[in-house]
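Chain lettering (A, B, C and D) follows the sequence in which the chains are written, and residue indices restart at 1 in each chain.
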(Lines give C-alpha, C1' and ligand atoms only; values in the text may rest on other atoms or scores of the structure.)
Protein backbone atom coordinates (compact mmCIF):
# COMPACT_ATOMS: atom_id res chain seq x y z
CA UNK A 1 0.00 0.00 0.00
CA UNK A 2 1.06 3.58 -0.59
CA UNK A 3 -0.30 6.45 1.47
CA UNK A 4 -1.09 9.78 -0.16
CA UNK A 5 -1.59 12.85 2.02
CA UNK A 6 -4.19 15.33 0.75
CA UNK A 7 -4.38 19.09 1.31
CA UNK A 8 -6.59 22.06 0.52
CA UNK A 9 -9.05 21.65 -2.31
CA UNK A 10 -7.71 18.15 -3.09
CA UNK A 11 -8.59 17.07 0.45
CA UNK A 12 -12.07 18.53 0.02
CA UNK A 13 -12.62 16.86 -3.37
CA UNK A 14 -11.59 13.45 -2.08
CA UNK A 15 -13.40 14.01 1.21
CA UNK A 16 -10.57 12.74 3.41
CA UNK A 17 -7.10 13.85 4.42
CA UNK A 18 -5.25 10.78 3.14
CA UNK A 19 -5.74 7.88 0.79
CA UNK A 20 -4.29 4.38 0.99
CA UNK A 21 -3.87 2.77 -2.43
CA UNK A 22 -2.69 -0.71 -3.43
CA UNK A 23 0.87 -0.27 -4.66
CA UNK A 24 -0.17 -1.46 -8.14
CA UNK A 25 -2.38 1.57 -8.64
CA UNK A 26 0.50 4.00 -8.36
CA UNK A 27 3.87 2.54 -9.18
CA UNK A 28 5.00 5.85 -10.56
CA UNK A 29 3.95 9.45 -9.96
CA UNK A 30 2.33 9.55 -13.41
CA UNK A 31 0.33 6.40 -12.75
CA UNK A 32 -0.78 7.69 -9.36
CA UNK A 33 -2.02 10.95 -10.92
CA UNK A 34 -3.85 9.01 -13.66
CA UNK A 35 -5.54 6.77 -11.09
CA UNK A 36 -6.63 9.70 -8.92
CA UNK A 37 -7.89 11.78 -11.86
CA UNK A 38 -9.99 8.86 -13.06
CA UNK A 39 -11.43 8.22 -9.64
CA UNK A 40 -11.97 11.92 -8.77
CA UNK A 41 -12.63 13.79 -12.04
CA UNK A 42 -12.80 17.12 -10.23
CA UNK A 43 -9.05 16.85 -9.59
CA UNK A 44 -8.59 17.16 -13.37
CA UNK A 45 -10.27 20.56 -13.35
CA UNK A 46 -7.64 22.12 -11.06
CA UNK A 47 -5.14 24.62 -12.48
CA UNK A 48 -2.35 22.18 -11.64
CA UNK A 49 -1.81 19.01 -9.66
CA UNK A 50 1.61 17.88 -8.49
CA UNK A 51 2.95 15.05 -6.39
CA UNK A 52 5.53 15.46 -3.65
CA UNK A 53 7.74 12.57 -2.58
CA UNK A 54 9.67 13.05 0.65
CA UNK A 55 9.09 16.82 0.61
CA UNK A 56 10.28 17.32 -2.99
CA UNK A 57 8.23 17.80 -6.13
CA UNK A 58 8.47 14.61 -8.20
CA UNK A 59 8.29 14.18 -11.97
CA UNK A 60 5.87 11.72 -13.63
CA UNK A 61 8.54 9.03 -14.03
CA UNK A 62 9.53 8.85 -10.34
CA UNK A 63 8.83 5.43 -8.80
CA UNK A 64 6.86 5.29 -5.56
CA UNK A 65 7.72 3.10 -2.61
CA UNK A 66 5.71 2.11 0.44
CA UNK A 67 7.95 4.00 2.84
CA UNK A 68 7.85 7.26 0.83
CA UNK A 69 6.02 10.23 2.23
CA UNK A 70 3.71 11.02 -0.68
CA UNK A 71 1.40 14.04 -0.98
CA UNK A 72 -0.92 15.44 -3.63
CA UNK A 73 -0.23 19.16 -4.15
CA UNK A 74 -3.05 21.23 -5.65
CA UNK A 75 -2.24 24.80 -6.78
CA UNK A 76 -0.42 26.50 -3.90
CA UNK A 77 -1.47 29.97 -2.74
CA UNK A 78 0.71 30.93 0.19
CA UNK A 79 2.18 34.32 0.83
CA UNK B 1 21.99 91.36 2.98
CA UNK B 2 21.17 87.79 2.10
CA UNK B 3 21.85 84.96 4.49
CA UNK B 4 23.10 81.61 3.21
CA UNK B 5 22.91 78.53 5.47
CA UNK B 6 25.77 76.06 5.08
CA UNK B 7 25.80 72.32 5.70
CA UNK B 8 28.10 69.33 5.63
CA UNK B 9 31.32 69.74 3.70
CA UNK B 10 30.29 73.23 2.51
CA UNK B 11 30.05 74.34 6.14
CA UNK B 12 33.50 72.88 6.80
CA UNK B 13 35.05 74.51 3.71
CA UNK B 14 33.68 77.94 4.61
CA UNK B 15 34.40 77.41 8.29
CA UNK B 16 31.05 78.70 9.51
CA UNK B 17 27.43 77.59 9.42
CA UNK B 18 26.06 80.63 7.64
CA UNK B 19 27.24 83.54 5.51
CA UNK B 20 25.78 87.04 5.24
CA UNK B 21 26.43 88.62 1.84
CA UNK B 22 25.62 92.07 0.50
CA UNK B 23 22.60 91.60 -1.76
CA UNK B 24 24.64 92.78 -4.77
CA UNK B 25 26.91 89.74 -4.56
CA UNK B 26 24.06 87.32 -5.09
CA UNK B 27 21.12 88.77 -6.95
CA UNK B 28 20.45 85.43 -8.59
CA UNK B 29 21.27 81.84 -7.66
CA UNK B 30 23.85 81.73 -10.45
CA UNK B 31 25.56 84.88 -9.23
CA UNK B 32 25.59 83.61 -5.65
CA UNK B 33 27.24 80.37 -6.75
CA UNK B 34 29.83 82.28 -8.82
CA UNK B 35 30.64 84.53 -5.87
CA UNK B 36 31.04 81.63 -3.46
CA UNK B 37 33.12 79.54 -5.86
CA UNK B 38 35.48 82.47 -6.37
CA UNK B 39 35.81 83.13 -2.68
CA UNK B 40 36.08 79.43 -1.65
CA UNK B 41 37.70 77.55 -4.56
CA UNK B 42 37.30 74.22 -2.75
CA UNK B 43 33.54 74.47 -3.29
CA UNK B 44 34.25 74.14 -7.01
CA UNK B 45 35.82 70.73 -6.45
CA UNK B 46 32.63 69.19 -5.08
CA UNK B 47 30.68 66.68 -7.16
CA UNK B 48 27.76 69.11 -7.24
CA UNK B 49 26.66 72.30 -5.53
CA UNK B 50 23.05 73.44 -5.47
CA UNK B 51 21.14 76.28 -3.89
CA UNK B 52 17.85 75.88 -2.07
CA UNK B 53 15.44 78.76 -1.74
CA UNK B 54 12.61 78.32 0.74
CA UNK B 55 13.17 74.55 0.91
CA UNK B 56 13.12 74.00 -2.88
CA UNK B 57 16.03 73.50 -5.23
CA UNK B 58 16.42 76.67 -7.29
CA UNK B 59 17.73 77.10 -10.84
CA UNK B 60 20.55 79.55 -11.69
CA UNK B 61 18.13 82.21 -12.92
CA UNK B 62 16.06 82.40 -9.71
CA UNK B 63 16.25 85.84 -8.06
CA UNK B 64 17.15 86.02 -4.38
CA UNK B 65 15.43 88.26 -1.85
CA UNK B 66 16.42 89.27 1.65
CA UNK B 67 13.57 87.37 3.28
CA UNK B 68 14.26 84.11 1.42
CA UNK B 69 15.59 81.15 3.34
CA UNK B 70 18.68 80.34 1.28
CA UNK B 71 20.97 77.34 1.72
CA UNK B 72 23.97 75.91 -0.07
CA UNK B 73 23.48 72.19 -0.76
CA UNK B 74 26.64 70.11 -1.31
CA UNK B 75 26.18 66.52 -2.62
CA UNK B 76 23.58 64.85 -0.40
CA UNK B 77 24.24 61.40 1.05
CA UNK B 78 21.26 60.46 3.19
CA UNK B 79 19.68 57.03 3.39
CA UNK C 1 18.98 31.94 8.44
CA UNK C 2 15.58 32.03 10.16
CA UNK C 3 12.90 29.81 8.59
CA UNK C 4 9.65 29.21 10.40
CA UNK C 5 6.07 28.11 9.90
CA UNK C 6 3.86 29.03 12.81
CA UNK C 7 0.21 29.13 13.83
CA UNK C 8 0.92 32.04 16.17
CA UNK C 9 0.97 35.78 15.33
CA UNK C 10 4.24 36.76 13.64
CA UNK C 11 6.50 39.23 15.46
CA UNK C 12 7.48 41.36 12.46
CA UNK C 13 10.15 43.30 14.35
CA UNK C 14 11.84 40.08 15.47
CA UNK C 15 11.97 38.79 11.87
CA UNK C 16 13.53 42.05 10.68
CA UNK C 17 16.02 41.94 13.51
CA UNK C 18 16.98 38.39 12.52
CA UNK C 19 17.82 39.73 9.05
CA UNK C 20 20.08 42.54 10.24
CA UNK C 21 23.84 42.30 9.99
CA UNK C 22 26.67 44.68 10.85
CA UNK C 23 28.15 43.88 7.43
CA UNK C 24 25.00 44.73 5.51
CA UNK C 25 23.64 48.25 5.33
CA UNK C 26 20.42 47.36 3.51
CA UNK C 27 17.50 45.35 4.83
CA UNK C 28 14.46 44.80 2.64
CA UNK C 29 11.35 43.27 4.10
CA UNK C 30 8.09 42.14 2.58
CA UNK C 31 5.08 41.77 4.86
CA UNK C 32 1.97 40.09 3.49
CA UNK C 33 -1.20 40.97 5.39
CA UNK C 34 -4.83 39.88 5.04
CA UNK C 35 -6.76 42.29 2.81
CA UNK C 36 -10.43 43.09 3.29
CA UNK C 37 -11.12 42.67 -0.45
CA UNK C 38 -10.10 40.17 -3.10
CA UNK C 39 -11.08 40.63 -6.74
CA UNK C 40 -13.95 42.86 -5.72
CA UNK C 41 -15.37 40.58 -3.01
CA UNK C 42 -15.40 41.49 0.66
CA UNK C 43 -13.19 39.07 2.60
CA UNK C 44 -14.24 38.20 6.16
CA UNK C 45 -11.17 36.15 7.10
CA UNK C 46 -8.62 33.72 5.63
CA UNK C 47 -7.72 30.13 6.37
CA UNK C 48 -4.19 28.99 5.56
CA UNK C 49 -3.58 25.27 5.38
CA UNK C 50 0.01 24.03 5.23
CA UNK C 51 1.81 20.74 4.65
CA UNK C 52 4.25 21.51 7.46
CA UNK C 53 7.37 19.39 6.88
CA UNK C 54 7.39 20.07 3.14
CA UNK C 55 6.49 23.74 3.61
CA UNK C 56 9.46 24.28 5.94
CA UNK C 57 11.74 22.31 3.61
CA UNK C 58 10.64 24.32 0.58
CA UNK C 59 10.92 27.65 2.45
CA UNK C 60 14.50 26.71 3.24
CA UNK C 61 15.16 25.73 -0.39
CA UNK C 62 13.84 29.07 -1.61
CA UNK C 63 16.12 30.90 0.84
CA UNK C 64 19.07 28.79 -0.33
CA UNK C 65 18.26 29.50 -3.99
CA UNK C 66 18.34 33.22 -3.17
CA UNK C 67 21.72 32.80 -1.48
CA UNK C 68 23.03 31.10 -4.62
CA UNK C 69 21.70 33.84 -6.89
CA UNK C 70 22.90 36.66 -4.58
CA UNK C 71 26.13 35.54 -2.88
CA UNK C 72 26.19 39.00 -1.24
CA UNK C 73 23.13 38.05 0.80
CA UNK C 74 24.07 38.24 4.48
CA UNK C 75 20.93 37.16 6.29
CA UNK C 76 17.60 35.69 5.24
CA UNK C 77 14.52 35.36 7.44
CA UNK C 78 11.22 33.91 6.25
CA UNK C 79 8.26 33.24 8.54
CA UNK C 80 4.84 32.10 7.30
CA UNK C 81 1.75 31.76 9.41
CA UNK C 82 -1.00 29.19 9.00
CA UNK C 83 -4.41 28.68 10.56
CA UNK C 84 -7.23 31.22 10.62
CA UNK C 85 -6.25 34.86 10.07
CA UNK C 86 -8.37 37.99 10.47
CA UNK C 87 -8.23 41.15 8.32
CA UNK C 88 -4.96 42.99 8.89
CA UNK C 89 -3.16 39.95 10.33
CA UNK C 90 0.34 39.26 9.04
CA UNK C 91 0.50 36.09 6.94
CA UNK C 92 4.13 36.15 5.85
CA UNK C 93 7.32 38.11 6.44
CA UNK C 94 10.43 37.89 4.25
CA UNK C 95 13.48 39.93 5.28
CA UNK C 96 16.96 39.95 3.77
CA UNK C 97 20.10 41.98 4.23
CA UNK C 98 22.77 42.88 1.69
CA UNK C 99 25.61 45.41 1.61
CA UNK C 100 23.88 47.49 -1.09
CA UNK C 101 20.20 48.20 -1.41
CA UNK C 102 19.36 47.14 -4.98
CA UNK C 103 20.29 43.54 -4.14
CA UNK C 104 18.08 43.58 -1.05
CA UNK C 105 15.02 44.52 -3.12
CA UNK C 106 15.76 41.95 -5.82
CA UNK C 107 16.49 39.09 -3.42
CA UNK C 108 13.44 39.77 -1.24
CA UNK C 109 11.18 39.92 -4.29
CA UNK C 110 12.66 36.69 -5.65
CA UNK C 111 11.97 34.94 -2.36
CA UNK C 112 8.33 36.01 -2.04
CA UNK C 113 7.65 35.35 -5.75
CA UNK C 114 9.20 31.88 -5.58
CA UNK C 115 7.58 31.10 -2.22
CA UNK C 116 4.18 31.72 -3.80
CA UNK C 117 4.98 29.24 -6.58
CA UNK C 118 6.45 26.33 -4.67
CA UNK C 119 5.68 26.33 -0.94
CA UNK C 120 2.81 23.97 -0.10
CA UNK C 121 0.49 26.38 1.68
CA UNK C 122 -3.11 26.92 0.59
CA UNK C 123 -5.28 29.95 1.18
CA UNK C 124 -9.05 29.73 1.50
CA UNK C 125 -10.84 33.05 1.41
CA UNK C 126 -14.00 33.34 3.45
CA UNK C 127 -16.65 35.77 2.20
CA UNK C 128 -20.00 36.60 3.76
CA UNK C 129 -21.63 34.06 1.43
CA UNK C 130 -19.09 31.28 0.97
CA UNK C 131 -15.46 30.27 0.64
CA UNK C 132 -13.00 29.80 -2.23
CA UNK C 133 -9.59 28.09 -2.41
CA UNK C 134 -7.49 30.82 -4.01
CA UNK C 135 -6.04 30.09 -7.49
CA UNK C 136 -7.25 26.48 -7.44
CA UNK C 137 -8.98 26.67 -10.82
CA UNK C 138 -7.86 28.20 -14.14
CA UNK D 1 1.36 59.50 5.56
CA UNK D 2 4.09 59.42 8.21
CA UNK D 3 7.13 61.62 7.52
CA UNK D 4 9.68 62.25 10.23
CA UNK D 5 13.25 63.35 10.81
CA UNK D 6 14.48 62.47 14.27
CA UNK D 7 17.64 62.41 16.35
CA UNK D 8 16.26 59.51 18.40
CA UNK D 9 16.47 55.75 17.62
CA UNK D 10 13.85 54.74 15.02
CA UNK D 11 11.15 52.30 16.12
CA UNK D 12 11.12 50.14 12.98
CA UNK D 13 8.00 48.20 13.98
CA UNK D 14 6.06 51.44 14.50
CA UNK D 15 7.01 52.68 11.03
CA UNK D 16 5.89 49.41 9.47
CA UNK D 17 2.65 49.55 11.39
CA UNK D 18 2.04 53.08 10.13
CA UNK D 19 2.28 51.70 6.59
CA UNK D 20 -0.24 48.90 7.07
CA UNK D 21 -3.74 49.15 5.67
CA UNK D 22 -6.72 46.79 5.68
CA UNK D 23 -7.10 47.54 1.96
CA UNK D 24 -3.51 46.66 1.09
CA UNK D 25 -2.16 43.12 1.35
CA UNK D 26 1.45 44.01 0.60
CA UNK D 27 3.87 46.03 2.72
CA UNK D 28 7.42 46.57 1.53
CA UNK D 29 9.95 48.12 3.85
CA UNK D 30 13.52 49.23 3.38
CA UNK D 31 15.70 49.64 6.45
CA UNK D 32 19.09 51.31 6.08
CA UNK D 33 21.53 50.48 8.84
CA UNK D 34 25.08 51.56 9.59
CA UNK D 35 27.59 49.14 8.07
CA UNK D 36 30.94 48.37 9.63
CA UNK D 37 32.72 48.74 6.27
CA UNK D 38 32.57 51.20 3.40
CA UNK D 39 34.61 50.72 0.24
CA UNK D 40 37.01 48.51 2.11
CA UNK D 41 37.55 50.80 5.09
CA UNK D 42 36.47 49.95 8.61
CA UNK D 43 33.79 52.37 9.77
CA UNK D 44 33.70 53.30 13.47
CA UNK D 45 30.49 55.36 13.42
CA UNK D 46 28.53 57.75 11.24
CA UNK D 47 27.44 61.34 11.63
CA UNK D 48 24.32 62.46 9.76
CA UNK D 49 23.80 66.19 9.39
CA UNK D 50 20.42 67.42 8.14
CA UNK D 51 18.89 70.68 7.02
CA UNK D 52 15.72 69.93 8.97
CA UNK D 53 12.91 72.05 7.45
CA UNK D 54 14.03 71.33 3.89
CA UNK D 55 14.72 67.65 4.65
CA UNK D 56 11.20 67.14 5.98
CA UNK D 57 9.73 69.08 3.05
CA UNK D 58 11.71 67.04 0.51
CA UNK D 59 10.87 63.74 2.24
CA UNK D 60 7.21 64.68 1.91
CA UNK D 61 7.68 65.60 -1.75
CA UNK D 62 9.31 62.25 -2.50
CA UNK D 63 6.40 60.45 -0.84
CA UNK D 64 3.93 62.55 -2.86
CA UNK D 65 5.82 61.79 -6.08
CA UNK D 66 5.48 58.08 -5.29
CA UNK D 67 1.74 58.50 -4.71
CA UNK D 68 1.44 60.18 -8.12
CA UNK D 69 3.40 57.40 -9.85
CA UNK D 70 1.55 54.62 -7.99
CA UNK D 71 -2.03 55.75 -7.34
CA UNK D 72 -2.59 52.30 -5.78
CA UNK D 73 -0.28 53.28 -2.91
CA UNK D 74 -2.27 53.13 0.29
CA UNK D 75 0.17 54.23 2.97
CA UNK D 76 3.66 55.70 2.97
CA UNK D 77 5.92 56.06 5.99
CA UNK D 78 9.44 57.50 5.85
CA UNK D 79 11.57 58.20 8.90
CA UNK D 80 15.19 59.35 8.73
CA UNK D 81 17.50 59.72 11.68
CA UNK D 82 20.25 62.29 12.11
CA UNK D 83 23.03 62.82 14.62
CA UNK D 84 25.69 60.29 15.56
CA UNK D 85 24.93 56.63 14.77
CA UNK D 86 26.82 53.54 15.81
CA UNK D 87 27.35 50.34 13.75
CA UNK D 88 24.04 48.51 13.35
CA UNK D 89 21.91 51.56 14.13
CA UNK D 90 18.96 52.22 11.85
CA UNK D 91 19.45 55.37 9.76
CA UNK D 92 16.31 55.28 7.62
CA UNK D 93 13.09 53.32 7.25
CA UNK D 94 10.79 53.51 4.23
CA UNK D 95 7.56 51.48 4.29
CA UNK D 96 4.70 51.43 1.80
CA UNK D 97 1.55 49.40 1.32
CA UNK D 98 -0.22 48.47 -1.90
CA UNK D 99 -2.92 45.94 -2.80
CA UNK D 100 -0.45 43.84 -4.84
CA UNK D 101 3.14 43.11 -4.03
CA UNK D 102 5.03 44.14 -7.17
CA UNK D 103 3.88 47.75 -6.70
CA UNK D 104 5.07 47.75 -3.09
CA UNK D 105 8.61 46.79 -4.13
CA UNK D 106 8.73 49.32 -6.97
CA UNK D 107 7.31 52.21 -4.91
CA UNK D 108 9.55 51.56 -1.92
CA UNK D 109 12.64 51.38 -4.13
CA UNK D 110 11.64 54.59 -5.92
CA UNK D 111 11.31 56.38 -2.58
CA UNK D 112 14.68 55.33 -1.18
CA UNK D 113 16.44 55.95 -4.52
CA UNK D 114 14.92 59.42 -4.85
CA UNK D 115 15.46 60.24 -1.19
CA UNK D 116 19.17 59.61 -1.66
CA UNK D 117 19.25 62.06 -4.56
CA UNK D 118 17.27 64.99 -3.22
CA UNK D 119 16.87 65.02 0.57
CA UNK D 120 19.38 67.40 2.22
CA UNK D 121 21.03 65.01 4.63
CA UNK D 122 24.79 64.50 4.69
CA UNK D 123 26.68 61.48 5.94
CA UNK D 124 30.17 61.71 7.39
CA UNK D 125 31.92 58.39 7.87
CA UNK D 126 34.31 58.13 10.77
CA UNK D 127 37.22 55.70 10.42
CA UNK D 128 39.93 54.90 12.91
CA UNK D 129 42.19 57.42 11.14
CA UNK D 130 39.90 60.17 9.94
CA UNK D 131 36.55 61.18 8.51
CA UNK D 132 35.06 61.61 5.02
CA UNK D 133 31.88 63.32 3.81
CA UNK D 134 30.37 60.56 1.67
CA UNK D 135 30.03 61.25 -2.09
CA UNK D 136 31.16 64.85 -1.71
CA UNK D 137 33.84 64.65 -4.39
CA UNK D 138 33.79 63.09 -7.88
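Here is the rule we use: a residue touches a chain if its C-beta (ideal position, glycine included) is under 8 Å from a C-beta of that chain, and two chains touch if they have at least 3 such contacts.
Worth saying up front: this structure is predicted, and the values here are computed from it rather than measured.
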{"item": "Contact-graph distance - origin chain A, target chain D", "value": "2"}
{"item": "Chain separated most widely from chain C, comparing mean CA positions", "value": "B"}
{"item": "Chain B and chain D: spacing of chain centres that average the CA atoms, whole Å", "value": "25"}
{"item": "Euclidean distance of C-alpha centroids - chain A vs chain B, Å", "value": "71"}
{"item": "Mean-CA-position distance for chain C and chain B (Å)", "value": "47"}
{"item": "Chain D, residues touching no fewer than two other chains", "value": "32, 101, 112"}
{"item": "Multi-chain contact residues (two or more partners), chain B", "value": "79"}
{"item": "Chain pairs in mutual contact under the definition given at the outset", "value": "A-C, B-D, C-D"}
{"item": "In the complex, chain D residues that touch chain B", "value": "32, 48-51, 53-55, 57-58, 80, 91-92, 112, 115-124, 133-138"}
{"item": "Residue numbers on chain C that touch chain D, as the complex places them", "value": "12-13, 16, 20, 22-37, 87-88, 97, 99, 101-102, 104-105, 108-109, 112"}
{"item": "Chain C-touching residues of chain A, taken from the complex the two chains share", "value": "5, 7-9, 11-12, 45-47, 52, 55-57, 69, 71, 73-79"}
